[in-house]
Amino acid sequence: MNPESIRKLLEEVRAGKLSPDEGVERLRHLPFEDLGFAKVDHHRTLRVGMPEVVFGPGKTPAQMAAIFRKLAKHGKNVLATRATEEQFSAVKKISRGAKFEASARAIVLRRDRKRYGKGLITVISAGTSDIPVAEEAAVTADVMGNQVERIYDVGVAGIHRLLAHREAISRSRVAIVCAGMEGALPSVVGGMIGIPVIAVPTSVGYGAAFHGVAALLGMMNSCASNVTVVNIDNGFGAGYVASLINRL
Amino acid sequence: MNPESIRKLLEEVRAGKLSPDEGVERLRHLPFEDLGFAKVDHHRTLRVGMPEVVFGPGKTPAQMAAIFRKLAKHGKNVLATRATEEQFSAVKKISRGAKFEASARAIVLRRDRKRYGKGLITVISAGTSDIPVAEEAAVTADVMGNQVERIYDVGVAGIHRLLAHREAISRSRVAIVCAGMEGALPSVVGGMIGIPVIAVPTSVGYGAAFHGVAALLGMMNSCASNVTVVNIDNGFGAGYVASLINRL
Amino acid sequence: MNPESIRKLLEEVRAGKLSPDEGVERLRHLPFEDLGFAKVDHHRTLRVGMPEVVFGPGKTPAQMAAIFRKLAKHGKNVLATRATEEQFSAVKKISRGAKFEASARAIVLRRDRKRYGKGLITVISAGTSDIPVAEEAAVTADVMGNQVERIYDVGVAGIHRLLAHREAISRSRVAIVCAGMEGALPSVVGGMIGIPVIAVPTSVGYGAAFHGVAALLGMMNSCASNVTVVNIDNGFGAGYVASLINRL
Amino acid sequence: MNPESIRKLLEEVRAGKLSPDEGVERLRHLPFEDLGFAKVDHHRTLRVGMPEVVFGPGKTPAQMAAIFRKLAKHGKNVLATRATEEQFSAVKKISRGAKFEASARAIVLRRDRKRYGKGLITVISAGTSDIPVAEEAAVTADVMGNQVERIYDVGVAGIHRLLAHREAISRSRVAIVCAGMEGALPSVVGGMIGIPVIAVPTSVGYGAAFHGVAALLGMMNSCASNVTVVNIDNGFGAGYVASLINRL
Amino acid sequence: MNPESIRKLLEEVRAGKLSPDEGVERLRHLPFEDLGFAKVDHHRTLRVGMPEVVFGPGKTPAQMAAIFRKLAKHGKNVLATRATEEQFSAVKKISRGAKFEASARAIVLRRDRKRYGKGLITVISAGTSDIPVAEEAAVTADVMGNQVERIYDVGVAGIHRLLAHREAISRSRVAIVCAGMEGALPSVVGGMIGIPVIAVPTSVGYGAAFHGVAALLGMMNSCASNVTVVNIDNGFGAGYVASLINRL
Amino acid sequence: MNPESIRKLLEEVRAGKLSPDEGVERLRHLPFEDLGFAKVDHHRTLRVGMPEVVFGPGKTPAQMAAIFRKLAKHGKNVLATRATEEQFSAVKKISRGAKFEASARAIVLRRDRKRYGKGLITVISAGTSDIPVAEEAAVTADVMGNQVERIYDVGVAGIHRLLAHREAISRSRVAIVCAGMEGALPSVVGGMIGIPVIAVPTSVGYGAAFHGVAALLGMMNSCASNVTVVNIDNGFGAGYVASLINRL
Amino acid sequence: MNPESIRKLLEEVRAGKLSPDEGVERLRHLPFEDLGFAKVDHHRTLRVGMPEVVFGPGKTPAQMAAIFRKLAKHGKNVLATRATEEQFSAVKKISRGAKFEASARAIVLRRDRKRYGKGLITVISAGTSDIPVAEEAAVTADVMGNQVERIYDVGVAGIHRLLAHREAISRSRVAIVCAGMEGALPSVVGGMIGIPVIAVPTSVGYGAAFHGVAALLGMMNSCASNVTVVNIDNGFGAGYVASLINRL
Amino acid sequence: MNPESIRKLLEEVRAGKLSPDEGVERLRHLPFEDLGFAKVDHHRTLRVGMPEVVFGPGKTPAQMAAIFRKLAKHGKNVLATRATEEQFSAVKKISRGAKFEASARAIVLRRDRKRYGKGLITVISAGTSDIPVAEEAAVTADVMGNQVERIYDVGVAGIHRLLAHREAISRSRVAIVCAGMEGALPSVVGGMIGIPVIAVPTSVGYGAAFHGVAALLGMMNSCASNVTVVNIDNGFGAGYVASLINRL
């Protein structure tokens, strides 16, 4: 069902082939969600500049390539997260322009290089082990048309390293902060600046880090009020929501 | 927006006051969910014989009485769960017919006494402390028009007590089994009969019972395949879904 | 011990070879559970149309084939869940009719194709990663003699996809809803229809999904009262209990 | 230490009273954090339109009044969260203009009514029990100079109620979504709109709700990528960060 | 159904009033569990010297007195655990001989003072706060006819205090060891002696003691192989099972 | 330091070479634990008939063989638990008499076949997957000189299978009950008999079984008072403590 | 048994009343722990300047006063932690010199004012709600003879407040850092200084703070290597161990 | 920015090229953290004798060798923890002096053999499986210039083995105690001596040991007040902080 079929129905009413009561009855038996005009329009706007995304884990290289080929047809940027070299090899064969961002574990096909974000997104990570998650966030924001700046290895146990970047951070419109272990960095960053901070707990650590739970809890309880949190290792989600904020 | 307004729109189309294109346009700007004809009809059938329900905790006696009065206007049975004597005193004043089922901690106003359930629902509890939850289930099923049989205090540490009720249990169409502590009773009941068993973990116990978590986990891992589980102490939910099954 | 031996005892009593007191004494020393006549009869009815089932994990292909051969002798449908291709290869050699349902990870031998279920069981899944669990449920229900309809990839973040299937869902007698991550789908489905909904949390997700715990908790706390829950990834259990309900 | 004292030091250098080396030495022994000029300036901008905030629990009415009086001297809006009637009575005596927002459990003193937020913040809640948290978020956003719209009692088990507000929601720049129990509402809202969604798990529920943990986990695992999460019952934090986003 | 009715049936068979086939048929329709002769006999032996027990929490003084009166009719020892002074006052009125063991929070009525246990049961506690649990165990063992020795306040941080009792401990047939906090005492005691040690975690402690969970886990992981564990604060269970062992 | 050196000291005192004061002084500076005569004697008795035990995991075949050889020198039975075929191959070369009990995953060298236990230890398991743990318990009890009877595959969902073994169970002095999933079997067994029941949770199950946690909690909360619990999969511990009880 | 009795034994040996063999035999039957000379001496040194300590919760004012009186007889400082005003009133009557340190919830009787600690102990707290725990630590260290400096309300969201105290902190020999919520402060402090940092998680916070668990996990996973942790709210323990370190 | 550039600035002021106001302005725009003179000095002292450290897991042999080479340039001791043989082979090629401490899983390059610690650090472990963690602690302390003594395999179930080392332990200035399973050893050691005890929970154990959580909780709740705790398996952290204490 679509606008055309409804117009046809209305034309039948106009032509007297269908009484208003019969028209009501026929409309009545349509699944209402198929009417959904506004929905389509609304979403159309929303989707401008949004990449097509595929989550890598559990897919064979062949499956990944097939999905990637299908998504690439829409003419937008395509992003495969948590991808492997093997998946990339298969994708490369069917999509010449695809690149492998190794440190982000991402396959990226860039078509649309327009700048949609109004300002700077800064991605900050506590330790070097947090970089893959930070890069996933950075690459996502980049693919979604944002200027991105990276500030890595500025954990809270060496607070001066972070302070050295204070000016850069305060030029940002949104900050993404990735940290494992005690997950304290978002609180410190949040206290330094007055912008939204998206905290990403990482599964970095061992023992009582519980694969990111300690960091997650730390961030949920941040004493800085400008911090919100996404799932453990969810660099993509952080980059995505930061991009939405940066378009506002 | 409702069928009448749509009919009016169609009549304008018919009368030539509105072109089909204009009609499409006007329909297009309606929030689609307001069209929802089928929804209403469908739900009307679903709601036959269903009680109005209010959850007691956190409501003052006055608030409870006000809500109860409002719900009672629909002419259906009304059920207030986890209610207190104080709440009942307030309700009693505005609704003469209301009764307090003390052991179920429920206020009940019975209007519709039709038998909607096709067979017997048996409510089984492990210990005497589980009875409030079991009674909540039993009263719910009763208010929803079912024949209910209660078999209480038949915990697994005295398996002969349960076995003595085997015949009664096997006459049922659905069984609700309430147990705290190790929550083992649903598995044993489930193995005795070939009907759906709805397991209700209760918060009865102490220490490593963790307020019903031990029972909940026990029931989730039941070695009997005919067991499904509801939330801790959720006698109402169990009675509700058993009633739905018994109407089939 | 069996009815014949009891009849023989009674004949000795009748013949005066055994006094009533001696008869009581002899009966008294029988393990009472061996008397269990009714039990057998009762269970016989229950077991009509029920498949023989074997759980695959931890079994070598040879062990699986041996168990399968033994179960196949009962002349019923046979179902091996969580099975592998290797197990199937071994089974195939001894049971020509066995089929491998790859998406359900199940080996199935269909003998009895009678329709035992009275209506439709709909199996709904949130994401494509939930399909193996959903298929396990669907195949189980199918093997137990039910008409099954599948509605996949209708997660709550795209609510219109689910709404598009509303009519199909409302034709069902029972719905099975499989979801990982936040496990929200059963609540939405439960609110749309007035039939029993069996929720299956899946281990799909990462980080704070905790291998299905987030979904399990979500489902236990469903705000829809017609939802009951089975163990994480327990597609079989959901299909089994849905089949029992559908026979009522 | 402040700019004046540094100027004095420089003047001594200029006057030759202090050699450059001695100047370096004296600067060297200053705690560097006291130099922090940029810091102050930077923060001054950040703090425009920000309310003074006090967290109520654990404070006697007298303590609350004393803190409130002190904060009120800054000439900004003052907000006391999780406040009681008793605390308000004490505050009222020293601050005539203070109001008690009972449903938000907040004391508010409005001085600055300027609109700092550029667009609309919508606050959505699943059930009536979630309203205190939702109101805390709404009052916070209001006190911080935003236009706020409330959409309450639109839980996922009655999805049509939520859909009826789709248009209002899509007019927003940021949405705050509060839900207890299974915490599914942010996912559904997140899927409907392309703006940042701040999810607030509430401690509403019982049994396996674990005082908001089930909702928190559900939200962390949201299948909608535009959802970030704050602490259980943290309406203030959600309102605060939504306000920051709305200023962008 | 009982032996008499079966004898009557056999007499009818003998008298030719009932054919053996009719006899089989009538026996067949008896619920088999009612036949259970052996059960009764078996249990009769088991129950010699066993007290009647009632769990105090949640019972009004009147309810406690009523239950106590009923249990006291069996002529055995009666034990009410986790009882209050108020419950005792009510019991005292209807049962003159009842005593309140305040430190064990138990009401005891001693009728049968026979020594059923063959040797000594030693009850050991780590700190003074563990004494109520230890006393519950000691009083239970005493009421069940055992010689009991108490060794209190011998926590592992003062290992010499425990060592000073080594000889007394090694005279025991069974040891009950109660400890909260880290729950280390059973491991140390278990390593000192070659007898069964029943470990009782107590809810003593704060913070990461998690109401006895730390102690429970410590005891479950004891490096001494002769340690088994009961529920947190379950002094009764420990005293009960120690009594069973001491009768062997 | 040993008795001889003390005798020598006393002889010096006797011979006047050492004054009593000097003797006190010299004794005073001995580490007191080296004096420990009684300790040795006491333990000597305890260790009669006790096997030498080695825990397999993490040891190379060569390490296992070396440890086994060393333990075998004491002339007692030797037991290696959680052992592999590879470890056994290495052990076999240096200890001809060693046997591999595959179902118990144990290497056993039997030297002492004396019966130390006074009665029967029965080992009961719920499902076939629990057998490795049950066999570990059974082999341990056997190696420690006990008569052992195995009753396997009698889970609570088929309660008649368990009841069929009631007489055998009630002949036992101690019962070991192994169960995974909901861990309900010890409660049912405990209710049938008046002897000590040692419950062993197994890691059998999936999803919300949490690798044995559900079973562990079920057993900790058993409604049968004669149940104590050991660690998950700790068949050895159960067999060990059952042996100690059976020697009493 | 004590040195005197051993000397007597040696004198009997010297006098020939006892042969060396008999002496060995008599020594052999002494419980070895009663010999423990060294133990006493050793401990004597350790206990110099150590206060007598009593834990307040669960004690009636009368009990507290009685214990306090007894401890006060040793002539040392006495410290009652987690004490109430009521307990202090009772103590005051029997011990004139006792003082109530309200902010530390401690009763203190100072007798020995000697400075045992060699340097400065700094106690740092993140928020004002953490002060009771910080004060417990500070008062403990003070009572144990240390110079103590307090730096409060320097949480990580306002890092400049902490930095302003850098010099004071770096003068310390040991630091105690108390924080609730995300518990990040010890990591930051640990990174600023090269001395031992004792971290005290506090139960301050709500929701996902889980009564101090979030802070505890944060501290366990500190990226600063000089941090060790004590139990939640255990200010006493932190003060105690800091005092031991400061005596080194 | 560094002292030189500041001196230059001051010289310009002195020379009249820059007015004091301009100087203030220029200083004002320097990031204050780059001024940080004191910081450098302070840290210089702290870092004397501190090794360069690298954490092995997740690094390829080539990466490890590259990092090691870089760290080795500082002329200090270098320590790689949790290292593998493969990593060592690669390191060996570029750093002749590097040694592999297999039992500690550490690569060590010793340059500075000065004794920085004033006394003895004793490292104690409960079982042989705890040795890798204990060795990590011991090697760390050794590399940091301490005298280290090892006392292994003295678990609490054989308390006499620990007591035999009492004198050695009491000669220490700090003790590190490593234990898995129930983690009771630090409490016992803590009770024996009056020095700081650093407890290291290890992940040794199975089932309810939960990979070190049981031990961690046990240690957090130690009844000995001189115990502080580090993360599970964090031998390095324990060795590091013990070294800091031993320098005091």
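In this document, chain identifiers A, B, C, D, E, F, G and H correspond to the written order of the chains, with residue numbering beginning at 1 in each.
Just so it is clear, contacts are C-beta pairs under 8 Å (C-beta built on N, C-alpha and C of every residue); 3 or more make two chains touch, one makes a residue touch a chain.
Just so it is clear, the model here is predicted, and its values are computed rather than measured.
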item: Subunit H and subunit B - chains in contact with each; value: A, D, E, F
item: Shared interface numbering between subunit D and subunit A [over half = same, under half = different]; value: same
item: Fitted rotation between subunit B and its twin subunit E in degrees, CA, nearest 5; value: 90
item: Over-half contact-pair match to G-H, picked out of the listed pairs A-B, B-E or A-D; value: A-D
item: Intercentroid distance (Cα basis), subunit F paired with subunit B, Å; value: 50
item: Distance from subunit F to subunit D - Cα centre to Cα centre, in angstrom; value: 59
item: Rounded Å distance between subunit F and subunit G, as computed from the means of their C-alpha atoms; value: 40
item: Residues of subunit D engaged with two or more neighbouring chains; value: 31-33, 36, 38-39, 163, 166-167, 207-209, 213, 216, 220-221, 231-232
item: Interchain contacts, given as pairs of chains that touch; value: A-B, A-C, A-D, A-G, A-H, B-C, B-D, B-E, B-F, C-D, C-E, C-F, D-G, D-H, E-F, E-G, E-H, F-G, F-H, G-H
item: Contacting residues of subunit E [partner subunit G, same complex]; value: 129, 160, 163-164, 166-167, 206-209
item: Residue numbers on subunit B that touch subunit F, as the complex places them; value: 126-127, 155-159, 163, 180-184, 187-188, 190-192, 205, 207-210, 213-215, 217-224
item: Residue numbers on subunit F that touch subunit H, as the complex places them; value: 31-34, 36, 39, 57-58, 201, 203, 211-213, 216, 231-234
item: Residues on subunit C engaged by subunit B in the complex (per definition of touch); value: 38, 42-43, 45-47, 50, 118-119, 166-167, 170, 173-174, 193-196, 198, 216, 220-221, 225-232, 236-238, 240-241, 244-246, 248
item: Subunit A contact footprint on subunit B (complex, rising order); value: 3, 6-7, 10-11, 13-14, 16, 19-21, 23-24, 27-29, 31-33, 35-39
